[in-house]
Amino acid sequence: MSEISRMKFYCDDDRCIECNGCSVACAEAHELPAGLSRRKVITLNEGIEGKEFSTSVACMHCTDAPCEQVCPVDCFYIREDGIVLHDKDVCIGCGYCLYACPFGAPQFPRDGAFGTKGAMDKCTMCAGGPLETNSVHERELYGQNRIAEGKVPMCAAMCSTKALIVGSSEEVSKIYRSRIASKGKGVQSAPYGWSKAYNS
Amino acid sequence: MKKYLFLFIASLFLASVAFAADSQIWDAMRIQNIFGYGQEESLKLGPLFTLLQSTYFVPIFLAILVGVPAVFLVHYLIIGPKVFSHDGQPIFAFTLFKRAIHLIAAIAFIVLIPTGLMMVFGKYLGGGTLIEFARHFHAIATVMFAISVVPMFLFWFIDMLPTFDDVKWMFILGGYLSKEIKEIPAGKFNAGQKMWFWIATLGGFVMIATGAVMFYQDFDFGIAKSLGVSQIDLLRASAIVHNVLAFAVMAFFFTHVYMAAIAIKGAIYSMITGYKEHEEVKYLHSTWYKKLKKEGKV
Amino acid sequence: MANTWGYGAMTNSLGDIQNAKAIIIFGANPAVNHPVGFGHFLKAKERNNAQIIVVDPRFTKTAAKADLYAQIRPGTDIPFMYGMLNIIFKNGWEDKKFINDRVYGVEDIRKEAAKWTPEKVADVTGVSVEKLMQITRVYAKSTPGTLIWAMGLTQHSIGSSNTRMAPILQLCLGNMGEEGGGTNILRGHDNVQGATDMCCLSHTLPGYYGLSAGSWKYFAKSWGVDYEWLAGRFKDKKMMSAKGFTLARWYAGVLAGKEGEDKIHNAGTNLKALFVMGNGITSISQQAKVKEALDALELIVLADPFVNEAAILTDKQDDVFILPAATQFETSGSVTATNRSAQWRYQVVEPMYESKPDHEIMFEFAKRLGFHKEYTKGMLIRENKTSFKFPEDATDEIARIIKTIGLTGWTSKRLKNHTDNWHMFDEVSLRGHGPMKGEYYGLPWPCWTETHSGSPVLYNIHRSVKEGGMGFRNRFGLEHDGQDLLAGKGSAPKASSNKDGYAEITAKNIESVLGITLSADEKKKIGKNWKVDTSNIIAEKCMEAGIAPYGNAKARAKVWTFPDQIPMHREPLHSPRQDLAKKYPSYKDKANHYRVDTQYISKQTEKDWSKEFPINLVTGRLVSMNGAGMENRASKYLAALDPEMFCDINPGLAANHGIRNGDMMWVHSPEGTKIKVKAKYSFSVPEDRVFLPFHYAGHFQGEDLSHKYPEGTKPYAVGESANTVTNYGYDIVTQIPETKGGLCRIEKA
């Protein structure tokens, strides 16, 4: 499997303004309980000129996913396109994946017996879970499966400034590279050359 | 009895309600915690934990699970158990209270160790609901263990303090490597028992603490703040310590069970009736025997 | 702004900002308040190397993306801009031709700017000399430059001067009427521009026609009702043309007569009833007074999809009615964006349970109060119907009647067409292609005729009038002080039959200005002037001749009808610098200011407020909330993002008061009120000010009132309202409250 075709997230921190649209869109789309945020926006050095920056963080669907490595019940599976998913019916809610994750992506709702941690929940890149695609049961457990419908994950679709980009690493790097390359090139003109017809 | 059972279950519910309150790792605190994720202010335990858990823990647990009983099997086959006569006046060793506490602790361990191992080997057992129940029972048994380990620690503390006898005992490994019956330098408890005691109590406290940290995950015990580490580093450290200490606990537990129930014929009755065999005490706990004799208790 | 050049609205569009080379933002926070629109700013920064300059009392999210940031003391924008002009004039960076042809009164500005040296500006504003020079140089030399502002500039006692100062700066730099330039005021709420255009205000009829008898008569005729009948609805003709109370001070109308309250001029009576329709009453300053007024009313009616917090604030138990209004998804109609474009909004679901759309509520009231026929007659006139279809016929009625801002082209058919084809428009220039060719998205007003393309960039003389070009409006007469107020020679819109300045078009001058002859029939039908021309002949003829119906005049830097003819700096009523308050005192007290005697200098000099209340108070928005927060705090995910009211406080300032991060603290105001909020350490505010978001309600002066919510209506998040501690102070012209520049005192709770 070539590295190039893996699905990746990229958050352009030149554009992220901590609007939390991604976080709320994800929560709404998958009908998550209010305390759980599959996607969070973090801001570092808030209020300090020249240093403040924000970025949106969720599961990064790592190539060598540490969560998958440490799971005692081996509930993770990594798709061909790089999306890291897990089976909530196998998960025992032990928390090891959280300890291993460099981004703190795994979340544990308190819906187990006696208010203990239930099965782990995390960003699925809107690709659902192991259950039948687009079934009601899949939606209940994992949320929408937009990838199966050919749609972009909800967070990137809703990003106010299009800071959050998702797609195959080839596409993502193409978009980001064209953003950098277009610096100073001027406004993206209308395709019919009307900007030349006027003196402005 | 029913009242106590009810209180026990009620307290579990109450505890869970308290801890089901607003999670802190997932909001403002989390933003601070993000520094722990591999950056400057973290202890960089994440990669360590991942390495250990993915590559080492499972094989080591397997080695202990198979290896320790295997060693004892070999010992039993080659050297065999120590047999003492039942003549002589039995010596009173353990009060009813101590035996009861020990029983509770024993039951707790009998649940803790297997359920712990079920979690370690979860993927080979199919995961899912079975292992989830193992996790819950592990937690319930922890409560049981916690109730018993505190009194146990208190009433045997003095007896278990190290003496020079323990050094001598260690050199001959308690005499278990030979079939000879001779006097072994040991007080009421020998060095082996003492080692197990400290691992079970102090180690047990640590296991309870680290286990609780992992179980509650984000309830702020104040530990993280007082130690100056982030919550996630505390969790990672707890996971590593819990697993590593589990090696020791497991190994010594198997040893203790072997010693108590198999390697010394009839030793287990001391925990049921409270009386030890005269001969057993004279040889295996010779220092204590001599002391009792001086005091005129035998 | 309307007093500077004719129309008081955003001159360009959000997409057009991508054309700018420099963007200077005064008292606005688009990264928080217009997150999606802010993408245009970022694209300008990326693609155009545009310099973003932010001038704000605190380091906002917008400032985090800025290239240059000036931390200004609240209420000192005029000195800052004069400081910029001082440097601009000294270096000759102004656009002399533009000033000569199209601006009146710049000499007085030059004189005033000469007084504001960078050192003086540094003392008053707190911005260093180097920073001021750097910002000015970058902004003046990178053209086109666009100037953005929002409430941070307007919500001051000198707000109306601030909003003249910014246009003057742009005029001097020649940035007006250019793509990528302009003064882009970012309106806050969805369709607030539409509400403003329909003048849901107390001082004018819809379309900014004012309240004169002539305007009333025009509307009477257009609505098909008898003028005398309309007049009969008022106490007398004087009150018919008198400005009413404003949202900022309606409560004065209730409390007048009590000790210490301002007097009113309300035809000898107090206000007895209040009908609130879709307004967050907790977004007005002086909440303690609002509560007092609510308690004293005889009748309160609140129509909203969520329980209006006025019901919770008041202790009144009887005669408080809450009507469930439908949301925007349960109704349809046109909405106007901040850039004057209209979009058609389609209904998504039927109104739920018993909620009714606003118009239905109003029609039902009209029926019961006995004027439904007159109320709805206007919708039947255009096509001579017997029954109306709402909202299409209402939209067409607006298009038929409102000529002042050129809404003639806004027929419901055209607007729907645009929304149905919104993928056919370019995001920067707003130009349509394919079937939408020749039109700009949303037909930004003025859209003079039913075939006009709309005007995306106001005052742009590089385009013909037919394609949205125009000069400045001739609104203030033909000459003043001996100087010609019409535009200079050659500065008319492209392809115009008249190349110079000309007056606004009336029936009398149309032939001479356009150089045409009218037929006898046309002469009979034509309206008196372009504003009341129901036949639309004036607009049609003007389009053919390339003439803007509202004239082609100079913008004026000097407004001779205002208390300050050119903008002058005056310290806020509650200023932390008493020495400057003496040097730049506020206005004389104003009697009958929207029916209320309003204090200015007497309040400022009542005592040295800064002794007891040394901290500057700044209020503002959070990205997850909107306005009074009723709707957002009832949304669980938004409430989870910002569940509690807090106060951004600098750690150094907090340490001086023994307040730790997360501790509760009291914020006391000069009004004698106080709120208890959580302290949140932040470096975005310096040590002499604190920041409060204003979206919360449900607590009052430390007391939790949330038990008063009817069962099942309590929002997820409640908290203190910042407006309990915002200070007394109102703009001299518009009476907007001075919420962006008050004082407070803090202490640990």
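To keep things simple, chains are lettered A, B and C as they appear, and every chain counts its residues starting from 1.
To be clear about the criterion, a contact is a pair of C-beta atoms (placed from the backbone, for glycine too) under 8 Å apart; a residue touches a chain by one contact, two chains touch by 3 or more.
This one's a predicted model, so the numbers in the text were calculated from it and none came from an experiment.
Trainee: Using CA atoms only, can you tell me which chain is the most central one in this structure?
Mentor: That would be chain A.
Trainee: Of all the other chains, whose mean CA position lies farthest from chain C?
Mentor: Measuring from the centre of chain C, the most distant chain centre belongs to B.
Trainee: Using mean C-alpha positions as chain centres, tell me how far chain A is from chain C in Å, no decimals.
Mentor: Here chain A and chain C have centroids separated by 38 Å.
Trainee: When the centre of a chain is set as the mean of its C-alpha atoms, what distance in Å lies between chain A and chain B?
Mentor: So the centre of chain A lies 43 Å away from the centre of chain B.
Trainee: Whole-Å distance, chain B centre to chain C centre, using C-alpha means?
Mentor: Comparing mean C-alpha positions, chain C is 71 Å from chain B.
Trainee: By residue number and range, which residues of chain A touch two or more other chains?
Mentor: 35, 37
Trainee: Specify, in ascending order, the residues of chain B that touch 2 or more different other chains.
Mentor: Residues of chain B touching two or more partner chains: there are none.
Trainee: Please name which positions on chain C make contact with chain A in the complex.
Mentor: It comes out as residues 18-19, 31-32, 35-36, 38-39, 42-43, 46-49, 58-59, 61-65, 69, 178-179, 426, 428-429, 431, 433, 460, 462-463, 623-624, 636-641, 682-685, 716.
Trainee: Inside the complex, what are the residues of chain B that reach chain A?
Mentor: 12-13, 15-17, 19-20, 22-23, 25-26, 30-31, 33-34, 37-38, 45-47, 49-50, 53-54, 119-123, 126-129, 131-132, 134-136, 139, 214-215, 217, 232, 235-236, 239
Trainee: Where on chain A is chain C touching in the complex?
Mentor: Those residues of chain A that touch chain C are 14-15, 17-21, 23-24, 27-28, 34-35, 37, 46-49, 52-54, 160-162, 179, 182-192, 194-195, 198-200.
Trainee: Applying the document's contact rule, which stretches of chain A touch chain B when the two form their complex?
Mentor: 35-37, 40, 42-43, 57, 66, 69-75, 89-96, 98-104, 107-108, 110, 112-117
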